[in-house]
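Several structures are given next for inspection.
Consider the two complexes below, in which subunit A is the common component and subunit B and subunit C are the respective partners.
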Partner chain A sequence: MTAVLEARGLGKQYGRLWALADCTLSVPAGHVVGLVGPNGAGKTTLLNLAVGLLAPTTGIIEVLSGPPLARLARIGFLAQDAPVYAGLSVAEHLALGAHLNSRWDAGLARRWIGRLNVNLDQKAGKLSAGQRAQLGLTLAMAKRPELLLLDEPVASLDPLARRAFLQDLMEAVAEQELSVVLSSHLVADLERVCDYLIVLVASQMRIAGLVEDLLVTHHLLTGPRRDPATLPAEQQVISASHTDRQSTLLVRTRRPVLDPSWVISRVGLEDLVLAYMSQAAGPARHRHLEVQK
Partner chain B sequence: MIEFHLDGRSGVAPYMQLIHQVRQALRLGLLREGDQLPKVKDVAAGLAINPNTVLKAYRELEYEGLAAARPGIGTFVTSTLGDGSLAAHEPLRRDLQRWLAKARRAGLEDESIEALFVSTFRSASEEGTA
Partner chain C sequence: MIWLSWRLFRIEAAAAAAALAAFTVLLAVTGPHLASLYAASGITGCHVGSCGQLADNFLSLLGDSSIYPVVYTLGIVGIVLAPAVIGIFWGAPLLARELETGTFRLAWTQNITRARWLTVKLTLAGLAAMAATEGFSLMQAWWAAPISQAARIAPNAPAPLGFGPFNPLAFAAHGVTPLGYAAFAFILGVTVGGVLGRVIPAMAVTLVIFAAIQVAVPLWIRPNVFPPDHAMVAIGSINGSTRTNINNTFAFTVDFLPSQPGAWITSAEAVNAAGQPASSIPAACKASGPSVPHLGSCLSRQGVRIDVSYQPASRYWAFQWIETAIFIAFASALTWYCFWYLARRLS
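And now, the complex of A and B:
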């Protein structure tokens, strides 16, 4: 299967700070990809690199098998907070879209806007956050992209608008041959819509893969207290916590866990992501130790 | 036509929930042979879930021989569930009622009865699959 997004050794540096470092990944076509991580992890940087708004400091990024700037006609991009031209009306946004995009689907644009219950003459600056996000999604979809990139599309929406937005998005994915990458720090939303996950923490990629695959290769082990270093080599420890008698470990392994001293449970996507996110929170543990002194 | 719903907190994978709901509807006679299952697009849009999840559930139902896809039209129910075993339900229910009365006489409360049933059911089905 071809990759819609491919990065090799990708990095972006601002001054002395690396917003994204040594990122290598390949996202297969036909998925809804969740790009998750805490604020400041590098999600926006990765998306901006993918649409050519930023140039990489190191490495290469390819979109639909080519450099981003050569692929813009086939990419839909909705930046954070769905920016619109506040002084232009909804209708003028659609007209602008029609003029600027060779593959513009006016029928789709009309149909989607029709469901929004907004006056076409209304200035976009007066729309609610939810309506603005849906106008943005309409514009991005009407250009009939092969790849849709969405930066925190639902973060500023109330639960109802969030559901409506995701419903529209899933309908679009079902209707068209479309790959989607959406960033979010809300894992619960992603659980339903994403079938591929990339976890970014502190400008590093922690893990990437099919959700289904991630769920079957991670196990939560609880049992008598034990040093994680004594586990079989193929069991990679993602997180570990101990009481004086018990150990709870999240391990990643392709092989079945056979040790009978463990109680093995399945891990939900949210717990899995949180474990990877807190793995990076090294300083937190030191703080904890200081308090104990 | 049935309508799917999802329980986000059940811990059961969404595609499995869809499969369970189809099986349940077949058992209860809400779905019959020849009925069309909801269109993938409508389920995806209605529940805001990934269409691949719906496709996966439908493929699994096809694999089980309960449904078949007609390209360009949709997925249809091809088989019924439980018809053959329906006659056995009544005597089994009576057995269960007798067992319940016995458990109450032994002083078990509802919660203990439920826990005993679930744990026995689990260990029996684990033995069955091992």
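And now, the complex of A and C:
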């Protein structure tokens, strides 16, 4: 399967600060990818690099097997806060899309915007945050992209608008063959729609993989108090908490956990992501391969 | 892209068109009468010797009316200010507003290169800026042609109607210089807006930089484009003024050189019979007191003359083209910088 998004040693520096450091990943085609991490983790930086709005300081990024700026025709992008021209009407935004894109699908744009229940003559500056996001998604979708990149598309929406937006997105994914990467700082938003997850924390990529893989390779172990360092080498400890008598460990391993002293339970996606997010920030590359102390 | 640029620019364009139209009406209403006054003044076909007087009469007749000085000043000042207004209201927001509101993330991720996006925007608004300013200037020059012709030969005409071609305001308002100023001010605003990324600070900085340049050029750059010509003239033969000081010094200001109508007089210096610079009143003339005519004739008798440095009227177009070329060159450099900045720095 080809990669829609591939980064090798990708980094972006602002002054002395690294917004994204040494990121290596390969996102296969045909997935809805959740890019999750706390605010300021580098999600926007990664997406802006993927769409050519930023140029990398180190490393390379390829989108649909080419440099981002050469792939703009095939990428749909919705920037954070869904920027629109306040003085242009909804209809004029659609005209803008039609003028600036060779593969513009006017019928799709009209269908999408028709469901929005907004007046086409309304100035975009007067739209609600939810309507603006929907307009932005319409513009991105009507390009008929192969890859859709959405930066915090639901962050400013109320729960109802959130659900409607994600539903529309899922319909579009089912309708057209496309890959999606969407970022959020809330796992709950992504849990319902994503089948692939990338966790970014403090400008470092912590883990990336298929959601079902992540769920079967992570186990929550509860048992008598024990030093995590004494675990078998193939069990990578993601997080550990101890009471006087008991230890609770989140471990990642491809092999079954055989030690009978553990009570093993499955872990939910949200807990899994939170465990990665709350890890102490470390300097090393491929952090997820290291054993936590 | 042309559609989007035009759609985002049309309010500014409409404002400019409205201003231009209002000005056209004003000129069209007052112009014919001005031309008929000129025809009646007798300046056309005047005999050498009487022309200056006729021109003075014509200009003072106009100066007495309540219309012509006002319309003339309004036009000149409007043309001089137009590039600054364009730089502030068209140039500065062009990139700054996109950056400030984040719409560049929308525009630059469509299927169009950033370079083409900028090319279309700059071409449309830049050409409109140059056309509007130069159009403004040509209309005013057509309307003011009788005044300019008379001012060139009138020795005693008062401002503003007596502005010669090299007067800093008149020079900036006529000829081809408005083209250069408009292009430069526009792209200056665009560049500052792109670098600062915020509209209001960009407007303020554009105004400050452009105003400083508009003051510096006539004061320090323009006089040095060509070395001045010199003329040695007798004190009585010029229009100007003499200043005397308590410490027995004197100096001349020369406004008009009869042998060089329309010339730009850059400096005037008194020299004594031996050709040395003179500034202290000779003992023989001290008795003549502060009364200037007497002092002047006394100084003349002592052999004092005035060394006038001037730029002849024949160099007017050379000055115009050189200054315009300089501004266009700077505008081109800024344009190049904008493209470079968009491709490299804003990423």
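The definition used in the following text is that the second predicted complex is superposed on the first by the 280 of 293 C-alpha atoms of A that agree within 3 Å, B and C clash if a C-alpha of one lies under 4 Å from a C-alpha of the other, contacts with A are read in each partner's own complex, and residues count from 1 in each chain.
Definition applied: a residue touches a chain if its C-beta (ideal position, glycine included) is under 8 Å from a C-beta of that chain, and two chains touch if they have at least 3 such contacts.
All figures in this text were calculated on a predicted structure; none of them were measured in a lab.
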{"item": "Superposition on subunit A - do subunit B and subunit C clash or fit", "value": "fit"}
{"item": "First, second, both or neither for A:A188, with subunit B first and subunit C second", "value": "first"}
{"item": "Touched partner set for A:A79, first subunit B, second subunit C, both or neither", "value": "second"}
{"item": "Touched partner set for A:V216, first subunit B, second subunit C, both or neither", "value": "neither"}
{"item": "Subunit B versus subunit C as contact partner of A:M170, first or second or both or neither", "value": "first"}
{"item": "First, second, both or neither for A:I60, with subunit B first and subunit C second", "value": "neither"}
{"item": "More subunit A residues in contact [subunit B versus subunit C]", "value": "C"}
{"item": "Partner chain in contact with A:E92 - subunit B first, subunit C second, else both or neither", "value": "second"}
{"item": "Which superposed partner A:A106 touches (first subunit B, second subunit C, both, neither)", "value": "neither"}
{"item": "Computed vertex angle (subunit A) for partners subunit B and subunit C, CA, steps of 10°", "value": "150"}
{"item": "Gap in Å between nearest CA atoms once subunit C and subunit B share a frame through chain A", "value": "26"}
{"item": "Residues on subunit A lying within both footprints (that of subunit B and that of subunit C)", "value": "none"}
{"item": "Touching residues (chain side subunit A, partner subunit B) in the complex", "value": "30-32, 163, 166-171, 173-175, 188, 191-195, 215, 266, 268"}
{"item": "In the complex with subunit C, residue positions of subunit A that touch it", "value": "48, 51-55, 69, 72-73, 75, 77, 79-81, 83-88, 92, 95-97, 99-103, 136, 139, 143"}
{"item": "Touch list for subunit C against partner subunit A, complex", "value": "1, 3-4, 7-8, 11, 101-113, 344, 347"}
{"item": "Residues on subunit B engaged by subunit A in the complex (per definition of touch)", "value": "6, 8, 11, 13-14, 40-41, 44-54"}
